[in-house]
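One structure is given below, represented as structure tokens, and several questions about it will come after.
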Amino acid sequence: MSVKSGESMVTPLQVDPATVATGINNVWVLVVTFLIFFMQPGFALLEAGQVRAKNVGNVLMKNMTDWILGTLIYFVVGAGVVSIVGALTSGGSVAGAFAYVSDPNAWIGWLFGAVFAMTAATIVSGAVAERMNFNAYVLFTILMTAAIYPVVVGFTWGGGLLASGGFIGAALGAGYLDFAGATVVHMCGGVAGLVAAKFVGARKGRYDENGNSQPIPGHSMLLAVLGTFILAFGWYGFNVGTQATILAVEDGSLTFMGAALGRVALVTTLGMGAGGAMAMLTSARYQGKPDPLWTANGLLAGLVAVTGAVPHVTWWGGALLGGLGGFLVLPAFHFTVDRLKVDDVCGVFAVHGVAGAVGTALIPVFAVGGFALNQFVLQVVGVGVIALWTIAASAVVLVALDSLVGLRVSEREESEGLDEGEHGVAVYPEFVPNERRESTVATDGGDIRTDGGADVSETEVSDDE
Amino acid sequence: MSVKSGESMVTPLQVDPATVATGINNVWVLVVTFLIFFMQPGFALLEAGQVRAKNVGNVLMKNMTDWILGTLIYFVVGAGVVSIVGALTSGGSVAGAFAYVSDPNAWIGWLFGAVFAMTAATIVSGAVAERMNFNAYVLFTILMTAAIYPVVVGFTWGGGLLASGGFIGAALGAGYLDFAGATVVHMCGGVAGLVAAKFVGARKGRYDENGNSQPIPGHSMLLAVLGTFILAFGWYGFNVGTQATILAVEDGSLTFMGAALGRVALVTTLGMGAGGAMAMLTSARYQGKPDPLWTANGLLAGLVAVTGAVPHVTWWGGALLGGLGGFLVLPAFHFTVDRLKVDDVCGVFAVHGVAGAVGTALIPVFAVGGFALNQFVLQVVGVGVIALWTIAASAVVLVALDSLVGLRVSEREESEGLDEGEHGVAVYPEFVPNERRESTVATDGGDIRTDGGADVSETEVSDDE
Amino acid sequence: MSVKSGESMVTPLQVDPATVATGINNVWVLVVTFLIFFMQPGFALLEAGQVRAKNVGNVLMKNMTDWILGTLIYFVVGAGVVSIVGALTSGGSVAGAFAYVSDPNAWIGWLFGAVFAMTAATIVSGAVAERMNFNAYVLFTILMTAAIYPVVVGFTWGGGLLASGGFIGAALGAGYLDFAGATVVHMCGGVAGLVAAKFVGARKGRYDENGNSQPIPGHSMLLAVLGTFILAFGWYGFNVGTQATILAVEDGSLTFMGAALGRVALVTTLGMGAGGAMAMLTSARYQGKPDPLWTANGLLAGLVAVTGAVPHVTWWGGALLGGLGGFLVLPAFHFTVDRLKVDDVCGVFAVHGVAGAVGTALIPVFAVGGFALNQFVLQVVGVGVIALWTIAASAVVLVALDSLVGLRVSEREESEGLDEGEHGVAVYPEFVPNERRESTVATDGGDIRTDGGADVSETEVSDDE
Amino acid sequence: MSDEIKLVMAYIRPDKLSDVKQALAEVGAPSLTVTNVSGRGSQPAKKGQWRGEEYTVDLHQKVKVECVVADIPADDVADAILEAASTDEKGDGKVFVLPVDSAHQIRTGKSGPDAV
Amino acid sequence: MSDEIKLVMAYIRPDKLSDVKQALAEVGAPSLTVTNVSGRGSQPAKKGQWRGEEYTVDLHQKVKVECVVADIPADDVADAILEAASTDEKGDGKVFVLPVDSAHQIRTGKSGPDAV
Amino acid sequence: MSDEIKLVMAYIRPDKLSDVKQALAEVGAPSLTVTNVSGRGSQPAKKGQWRGEEYTVDLHQKVKVECVVADIPADDVADAILEAASTDEKGDGKVFVLPVDSAHQIRTGKSGPDAV
């Protein structure tokens, strides 16, 4: 089938550089899309490990629903909303917003966008685990993929409000920098999760009668760490893959984007390492011992923190950003739980929200090209705009859903477990969990405490931040 | 090492488009091959989660054996059989059928074929779980990879019987359409599994004295769903990767196959989503609550249903096919268990067999190019031929194995668990499963039933289909 | 953005073959790097499954630490040490050893190197599980990535001592062959693990008062096998990806390296299959029943055995090497445990050390190009040099760490579990493991033994090898 | 006799539980409590192995059934269990009857034989 | 009376354990042993399902509390449990008191009521 | 004396089980049944944590050993356990002896002391 050298005498070889680049770039984009899709079970395991055995089926169900309904919704609605919002907030035209639906050449790109959308939606799940009504969750995830997240993308990558051509971007003479979605994807999901956890209320037993938080251990730290590693694997797709151009065509000839790819890959790696290392050290410092779950959370926070920054910052800047994300996850979690009194089960606000905001706002500080004030202002404004939109939209949706279907399962269902109540199943039918541990959680600590041990003061670390 | 621009003045740059295309296409094929290989643990987990703790080691062992023996067999026998059958059923020559063995340039292609073969073989495992003699299973899997599956490939992709040049294909003036193996791989495995499950007989306790089916819960729905996600990840390799040509060389110049790739990627995604969504709704409709295991099964059935169709159908046609696959999985499973009285442990006939057959037969109905009767007839005939061959060949093999080594473990070994009996191990040595649950399964329901609850009529839904 | 055909009339299409090759090769390298990274959770699960529930958190923590600290160390130290050692042992100059730190174009290559380094470091973890002090482990892993492993790379791939230009290589007129690191990565890790396990001492209860080994079952064979499959998946990246050149530029035109890629992919597959098959047969022969954990170990040993050999040997030679690796794993493990009296928890010396050494030393015997004595001598010498260096360096580091922080946890902490002692956590808070099994392990076997069964003579098989 | 309260406590094979439950229901003593236990008796020890190294497990999985009775004679209950749990192979287990001083039902607060 | 040793044995709901523990501590009998058990009584059977096929689970998860007392009257202990464990719904469980012949403390080797 | 049947019931540390098993075998009472239990006594509560938030676990993992004897004096059995299970640290546990009315062996149908 290949062109014979004899033929090439007659028809001179014609290799269009753009086609070569397109071919290579699309192989790359497809592969990283698959990796990002694989983050879905990563999130499922991360959350499943952090809930009690009786709620694992609900976690799995939410996660599958995010994907199976999310893709359908994002194809027929979400991706179009991106274009519309992008156009409306930059003075463009909304014509053709849904043209991709009938253009096969647009479908690889659509799928590449869809895996980011589903990531944002799935993040919410971890915050509202163990007590949210399944129907309410499903409706929320539908609105998340149909509107809440697409609007954020419209504001940014869709060329709208915060982009260089958008109303705010143009006013400040810069375009909002968030390379792979530290705020667009992660902070959006993390903030929506926080709001949802607030509206749904804390799990029974999460706060004692004095309003002090009481831990509710999950059923498997192993699953949480395995989920973390799967997420990190997918994240290479997420971050490095967003550098979707391997070969660029400039002036008719091909250029290899090796430096850009190298920077993105390196900063992702160092950010992850520094985030994990800082959380390990922080937990060892405040709890006396390095904690696997904190370390895993910090590793993810490090990744979130650099996700927007990877091509823009120096390698040591990336390591600092990642380290900062990892360092903040412990106090941010305690702030959420102890100050805001929000029962964010998997700490998604600390991991995805705070790290995403800080990492993205500080990009100009560590920029390869040096600090630019207008860019910094835009970054801060952008983070604020995205956060505000997400808070407002989530709140409206949640209020509506509360009156429509109710946000929360019954108290009885919550004690029995959502697996039985919402789905009629037992995830581990041969396993009778050791319910006793749960019921001893600090229940009669005061009276029976015979060890005279130290007070649980470490958990108040966030108060000092 | 790279060509300097000075040199290029002397030797004009010579870039052969075919070499470029080959390079890109092979990177792609290698990567998707690895993804498809990764379906192996996906199947292991899917099955492991659906069996009791005492049989998990046997599941792992079967799965590893499928791969470690299967690759050896498929290299020295299976892949050659494909060519021979292809030639014999299209009037071609069988010379050179084994030429690939000594041609390094054929080895990437061989491995790409091998991962499909191992998928077909592994599917069988889920149907015969928890009671099949390990030796018999190993011999069956050897014959599956040496003959049963290769013959199906010979009939189709190997250019034989059903291909446009094969005896039936030529007679009908069309070539059988099954892009990535909905019938060639999945239905073949699913039907062989059904036949094997029939011959091996139901697990002890699966049917009560009246012949009514009694559920035997597996030990971890989490593992089953994790396996499902790993399979879906690998499936992107399976389906999109079968569009192995990224760049084609046409008239000496390169063409990017973006529309074809986009369609395959989109239809895979929508088929999976629709399949999962329909199974979720069906289970909620008939059981009152959305069931995670059904949803996972439906997601896979949706994938199977579109696996043959991905490049051929419209996007909404793909969604409909996937949805149909997901919708059918519940009634098809009940039909298998309650009507055929076959104890297909993981529902492989429902998920791989039925969805594969229906999805492939209906391709012409949703074809991008419109309906063609001869194609439709060929599809139906093709599904029938593959099913018949698989049934006949499996049955012969099973009868032979039954007299040779016996298909089934002893009753005592079955109660103690195959892990102890076949492999002398305990998979979870620190865990004593809650055997009580099992022994209460509907045992004295009639007498003791004090709740006056509804009858278990939902399980009869398939009777009405 | 693409070049229009109109423009191409003016500017003739200029496609530099080197750029095309670089683009394709780098997509490939990035993808396989991600796959190799994913081996990290593979190792975590493999080890986690082989330890008791009370030590799982420590396994996860060690594994995460290997990656998060390892990447930082390997960037600022390790990769530079490679160049320095390479230069010093081949008479070259050490200038520019750290140039990669500030060269973005070098960062993809750095990351590709880093994932191999982390693999070597992580292998050690499995040998010292369940009793090593966490701080000592962390310091050891830092030195492993900063020095022990980089020196080995310097000797070999870094162009030093054993390379064709190195002092030994030049003397023998050959370059040491170890394609993807059977000895450089795996044997280095396996031998360091053996030495560390020796220094740390056996787990409490591993040997009875007569010095006979007593098994300490892990908590989940499923996790061990899942880890094995994840490793095999990553290994395709490891081995096939090391054939990093997809398209080469020769005389200004592109050549597709299909035969090389095909050989590497095939030999990896057959080596894995033969290794698993041989271990399955060996375990069935000596224990009476095919054992899943042995099979999984054999599959990995088969992979290790061919890792250095993949492009150099015939396909049947590769199958033989893999089979030999798998065959040796059982006697090598018993030799380690029963003769050397070293408590190598996961058998890393048998799987990574022995298989790596044997597979690499025998490359010339199965070489595609035929046997060459000087090459064979170099292989044997090379294996010896790497082993000696690793033993010596590990021993020095361990002695130092012992006096610095102590290598071992307290006896009490060991019985309670390292999760509680080192990290203050319970990995499965709802699960109370069945401690009784552990305490019955052969404790009063002699007295109470009422079955008059066969003696446990199979475990002495290694004595006869 | 009928106001004497007895605890019938049996160690049986796990796979005999459902027969025992049925037998107890038939004899009029459906209320019972079961516990997973392990026991050593005349049943030969089993061998386990982990990666080919063998160990002896002399504790076998059993189920303990506790059934407190007042109106029904403890002997009838014991007999019902004896019959239902037997396989004639070593390891079938034992039935013991223990005296009970008093009984109370939590829900109703009832005491004595009525509470059982 | 006070040198008579009694075993107070209660089957209660798992989620009442922490109340019962508190009540026992208050009544002066903080030492206790708990076991996961399953029980059948008047509480209606639950339905489980696996892939839509239903099965009946007539054994409910319960917790068994054992508390041996000497100085404190067994009835006080029983009353404390009765009060703490009640929900007024079927399935609350029972409390039984059994005689104990003798008691020994392992650590100290003490015997009799002092050992309890 | 020797036809009196007694249930010797001990709560011990899990890691002392194998010593206790050996001791019972030596004293001629090899048959026993063990159960995983959790207990509260004089042993100080442990602290657990989940993501740095602490909780108190005042129930410690223990093992309950039940050994019914007829021919061998219950006190000998108790003494054997007392010796084998001791570590001299808080949490060693207790041994109680309870009276048993009757015993039956399921396999043989034997009753009385012979059945034990």
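Labels A, B, C, D, E and F are assigned to the chains in the order they are written; within every chain, residues are numbered from 1.
Assume contacts are C-beta pairs under 8 Å (C-beta built on N, C-alpha and C of every residue); 3 or more make two chains touch, one makes a residue touch a chain.
Predicted model only: the values in this text are computed from it and were never measured.
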Among the other chains, which touch subunit A and subunit B together?
C, E
Following contacts chain by chain, what is the lowest number of steps it takes to reach subunit D starting at subunit A?
2
Candidate from B-E, B-D or A-E with the same interface as A-F, over half of contact pairs in common
B-E
Superposing rotation of subunit E relative to subunit F, computed on C-alpha atoms, to nearest 5°
120
At the place where copies subunit D and subunit E touch, is the share of residue numbers found on both sides over half (same) or under half (different)?
different
Chain-centre distance (mean CA atoms) for subunit D and subunit E, in whole Å, is 18
In whole angstrom, how far does the Cα centroid of subunit C sit from the Cα centroid of subunit E?
53
How big is the gap, in whole Å, between where the Cα atoms of subunit B centre and where those of subunit C centre?
33
Could you list which residues of subunit D touch at least two other chains?
21, 30, 34-36, 38, 40, 42, 48-50, 58-59, 98-99
Specify, in ascending order, the residues of subunit A that touch 2 or more different other chains.
14-16, 20, 22, 24, 27, 31, 217-218, 287, 291, 293, 424-426, 429, 431-432, 434-437, 440, 444, 448
Chain pairs that touch, all of them, please.
A-B, A-C, A-E, A-F, B-C, B-D, B-E, C-D, C-F, D-E, D-F, E-F
Contacts from subunit C onto subunit D in the complex sit at residues 213-218, 283, 286-287, 291, 293-294, 297, 330, 333-334, 337, 347, 436-437, 440-442, 444-445, 448-453, 456, 458-459
Flag every residue of subunit F that touches subunit D in the complex, lowest number first.
5, 7, 21, 30-36, 68, 98-107, 109, 115-116
Enumerate the contact residues on subunit D facing subunit C in the complex.
38, 40, 42, 44-59
Can you list the residues on subunit B that touch subunit C in the complex?
1-3, 7-8, 11, 13-16, 19-20, 22-24, 26-27, 30-31, 33-34, 37-38, 40-41, 44-45, 48, 56-57, 60-61, 64-65, 67-72, 75, 101, 104-108, 110-111, 114, 134, 223, 422-432
Hey, which residues of subunit D end up touching subunit F in the complex?
6, 10-12, 35-42, 58-59, 62, 64, 74-75, 78, 81-82, 85-99
